[in-house]
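So that we are looking at the same thing, I have put the structure below in structure tokens.
First chain written, first letter: the chains are A, B, C and D, and each begins at residue 1.
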Amino acid sequence: MIDKRIPTPAEAVAGVKDGDMVLISGFGEAGNPTELIHALIDLGTKDLTVVNNNAGNGHIGLAALLEAGRVAKIICSFPRSSRSEVFQELYRTGKIELEVVPQGTLAERLRAGGAGIGGFYTPTTVGTPLAEGKEQRTIDGREYVLEHPIRADVALIKAESADPWGNLTYRMAARNFAPAMCMAAKTTIVQVREIVDLGATDAEHVVTPSIFVDRIVEIPEPISEAAILRQAERGEKAAAP
Amino acid sequence: MTGPSNPIENPTPHPALKPPSKPRGLTRDQMAWRVAKDIPGGSYVNLGIGMPELVALHLPQGKEGDNRQIVFHSENGILGMGPPPPQGEEDFDLISAGKKPATVIPGSAFFDSADSFAMIRGGHIDITVLGAFQVSESGDLANWTTGGVPAVGGAMDLAQGARQVFVITNHTTKKGEPKIVKECTYPLTGAGVVTVVFTDLAVIDVTAKGLEVRELVEDLSFEELQQRTGARLSPGPDIRPLTAPLDP
Amino acid sequence: MIDKRIPTPAEAVAGVKDGDMVLISGFGEAGNPTELIHALIDLGTKDLTVVNNNAGNGHIGLAALLEAGRVAKIICSFPRSSRSEVFQELYRTGKIELEVVPQGTLAERLRAGGAGIGGFYTPTTVGTPLAEGKEQRTIDGREYVLEHPIRADVALIKAESADPWGNLTYRMAARNFAPAMCMAAKTTIVQVREIVDLGATDAEHVVTPSIFVDRIVEIPEPISEAAILRQAERGEKAAAP
Amino acid sequence: MTGPSNPIENPTPHPALKPPSKPRGLTRDQMAWRVAKDIPGGSYVNLGIGMPELVALHLPQGKEGDNRQIVFHSENGILGMGPPPPQGEEDFDLISAGKKPATVIPGSAFFDSADSFAMIRGGHIDITVLGAFQVSESGDLANWTTGGVPAVGGAMDLAQGARQVFVITNHTTKKGEPKIVKECTYPLTGAGVVTVVFTDLAVIDVTAKGLEVRELVEDLSFEELQQRTGARLSPGPDIRPLTAPLDP
């Protein structure tokens, strides 16, 4: 089907299976596909491996997915934040596996997965504990570590606009991991603020071409995780003695 | 859609209707039509240069809302390539991988060569249609050089990366030598990459069990096809006549 | 200098040295930096290694650089065309070295060079003569060939617009190898049809961010190699008996 | 620009002017100012989270035509990051790598994480300014973890990839332990990556011959600096006083 529009988030995430690897776009609170994550929570899928730059904040979105006990393992670069209490608790009690990957290596592993690259050598982590157990080699006098691609079952993505075929644009720094994640998943599911007419996006301005997109659902007024977290913080401060 | 023998549509005898010394094979256009029939709507397709380009003429293009729509990829950085422009409306910045003037349809995107081959290598192109000098029993493809100045372009990336590699080729060379062979003698483009071969005489699937004939032109027996082939063929489980409209 | 504007092509290519590796953008006749190439010819630099998708057409641009005897080696994917007579003759007479690289591997080697990747594994060329002598390995049951990055001294690039810092846009299929080449060179020299004001290009629509650009020269009406080749062909046909 | 001792600008005694038991070190703002002085106009700069962010306050931003302009890179996909927005004008889609509301200046560009780290890893960032738990004699940097939940972010990529790694740090911990050490005891972020260390007491170049002191605060002798340092220092060929304006 070249027309990839799906009416609801529930239908968009249908078919995600227990044990799947799920890529989730977003950096901090910019670019999170919150509605799709909550549809995935409602679907009940478990034993997921999740890839995201972070590990959730507060009790919404990715943090809610963790809190619901659906995630067996998380691959991320920075699981700590002032509001990552759900992840912290799961990690402390041994209920979640963590693979920490440097942010650039994470992005490059996703791109490699999407681009059919079998592995690549990066200087990042050489000489550090994160290089332990990894194959190293010297190329042109410099040390490199071998890193492997990430290829996932599903990507949950937030974008700004899509045409019916799935040509995507993003908004400012909400772009972050989304383009590489769209490439790296077998099924790429995208929530967009606006579905535009075919041809409405200048072909020069398409950031993610439609070939990387499988399903689109329109969420005109997406939840802002940042706004909700700030509200929660104000509420807690107000409630404090 | 009823095969090449309707006398009303074809009042003067079609050359292929004369008593054949050569079998009544498909024309280039009929072969292209036949390939097109196997391309599902919604596919992302890359057509090689030459005969594969004819396939585009038999696929729906640019009709919004038509889920039979195909999106053509051009490795120089286009998704949603349309038909060639009318003469006088060429734009030198908008060319196909074959360096010919091109157009784009609504829903198209431009990108750079690295992203373009990420699409190819990463398995995002559903089907590529390529020409061939030779195809082997195990699906090896030789289509990039027969000697002289070596020039490969994107052929090896497409052969390795596309989910399906369709080959469109005459069954034999002009001299009658088989192009489907036990092992390629020309340098390979990719090993074990071809999924289906569409010739003027047959449609042949490359399977784990070897080459299976799915369709065969009507006036040729399986044995006669085998005689024109340098590799062992077997009849597919559901072998059928290969037919195409006279002027597809 | 954050303002990268240079008045003339001659000043823009100043400093290119004998023996340099020079990346030249363009695919067929779309995206060729013809004016910069001719400035390089005028500069007299020799023993160059040139990277381009092709090997020049007719007697203009890259073909003229070859014809002037300045290129010791060319790295490209497709050196043959109906008008590649200059290259063909140099190759036939052993006056130029040729490295043929599959188009996707060429693009990826350039990107790797620009992205600090020490090498990568690609399935392209496995089982073919172009894999001979290259390291191979099996990853997840699939064969891959190790390929190395290309890092060059200079890139000569054609783009559509630049702001004074060098944020670039391209026009349609003239984009091709330019973004990866901008990344892969120590000094990236760009000719643009138009220099626009700072801020005139929407930050979402920048294709090559300014960090990859060193010098910009405005050529409002660049030579069209395609038009000149067609003219030449018509002239030859008209002159034919 | 004349050092921290102008009584007219500072009628009440600055804490640093009291007879020091601790040496009269630079404040955080003065350290940031001093780092900024070493960043040439036209540089592409990535500032780490925390004290490094203060450096931005001492660099020209967004003045078109000013060749002293610095372009700030934020690893979440921004070139040309500007100062934080006024309260009430935050946009949650425009945040810094530290996840704080940000702005962009004219001439900025947005891109994805893969491209962002291509810039970093590929050596396109001229200078990164990072904090440190420890820096070793050979320029090893430890700044990502001291235990607990591991979290690395982009620190290792920046440490390996930027052409120059400036470290901004107090010379010793709050307990007085040296942060510049013979060998790091904390897990490394990168080995041999630091080029210059800017502390409250000194500016120290990491050279092939070891740590060379380029600048030293005025009321501290070289020997006193060495006592506060866990690694062997040598005076640079042109050692000078480290000074900064009182309220830079």
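Following the convention adopted for this analysis, a residue touches a chain if its C-beta (ideal position, glycine included) is under 8 Å from a C-beta of that chain, and two chains touch if they have at least 3 such contacts.
These numbers were taken from a predicted model, which means no experiment stands behind them.
Shared contacts of chain B and chain C, meaning chains that touch the two of them, come down to A. Chain pair with the larger contact count among A-B and A-D is A-D, by C-beta pairs in contact. Centre-to-centre spacing of chain C and chain D amounts to 38 Å, using the average Cα coordinate of each chain.
In this assembly, the C-alpha centroid of chain A lies 31 Å from the C-alpha centroid of chain D.
Across the assembly, chain A contributes 108, 111, 115-117, 122-123, 170-172, 203-204, 207 as residues in contact with two or more other chains. Residue positions of chain D with contacts to 2 or more other chains are 104, 110-111, 117, 120-121, 160-161.
Across the complex, chain B is touched by residues 27-31, 53, 77-81, 87-88, 91, 98, 100-108, 110-111, 122-130, 170-180, 207, 224, 226-227 of chain C.
Chain contact summary for the complex, chain B toward chain C: residues 74-78, 91-95, 99, 102, 104, 110-114, 116-117, 120-121, 140, 148-157, 160-161, 187-192.
Residue ranges of chain C in contact with chain A, taken from their complex: 108, 112, 115-123, 137, 139-140, 142, 144, 148, 169-172, 203-205, 207. Interface residues of chain A facing chain B in the complex, by the touch rule stated above, are 1-3, 111, 113-117, 163-165, 167, 183, 198-199, 203-204, 206, 209-212. For chain D in complex with chain C, the touching residues are 41-42, 44, 64-67, 69, 71, 73, 79-80, 104, 106-111, 115, 117-125, 160-161.
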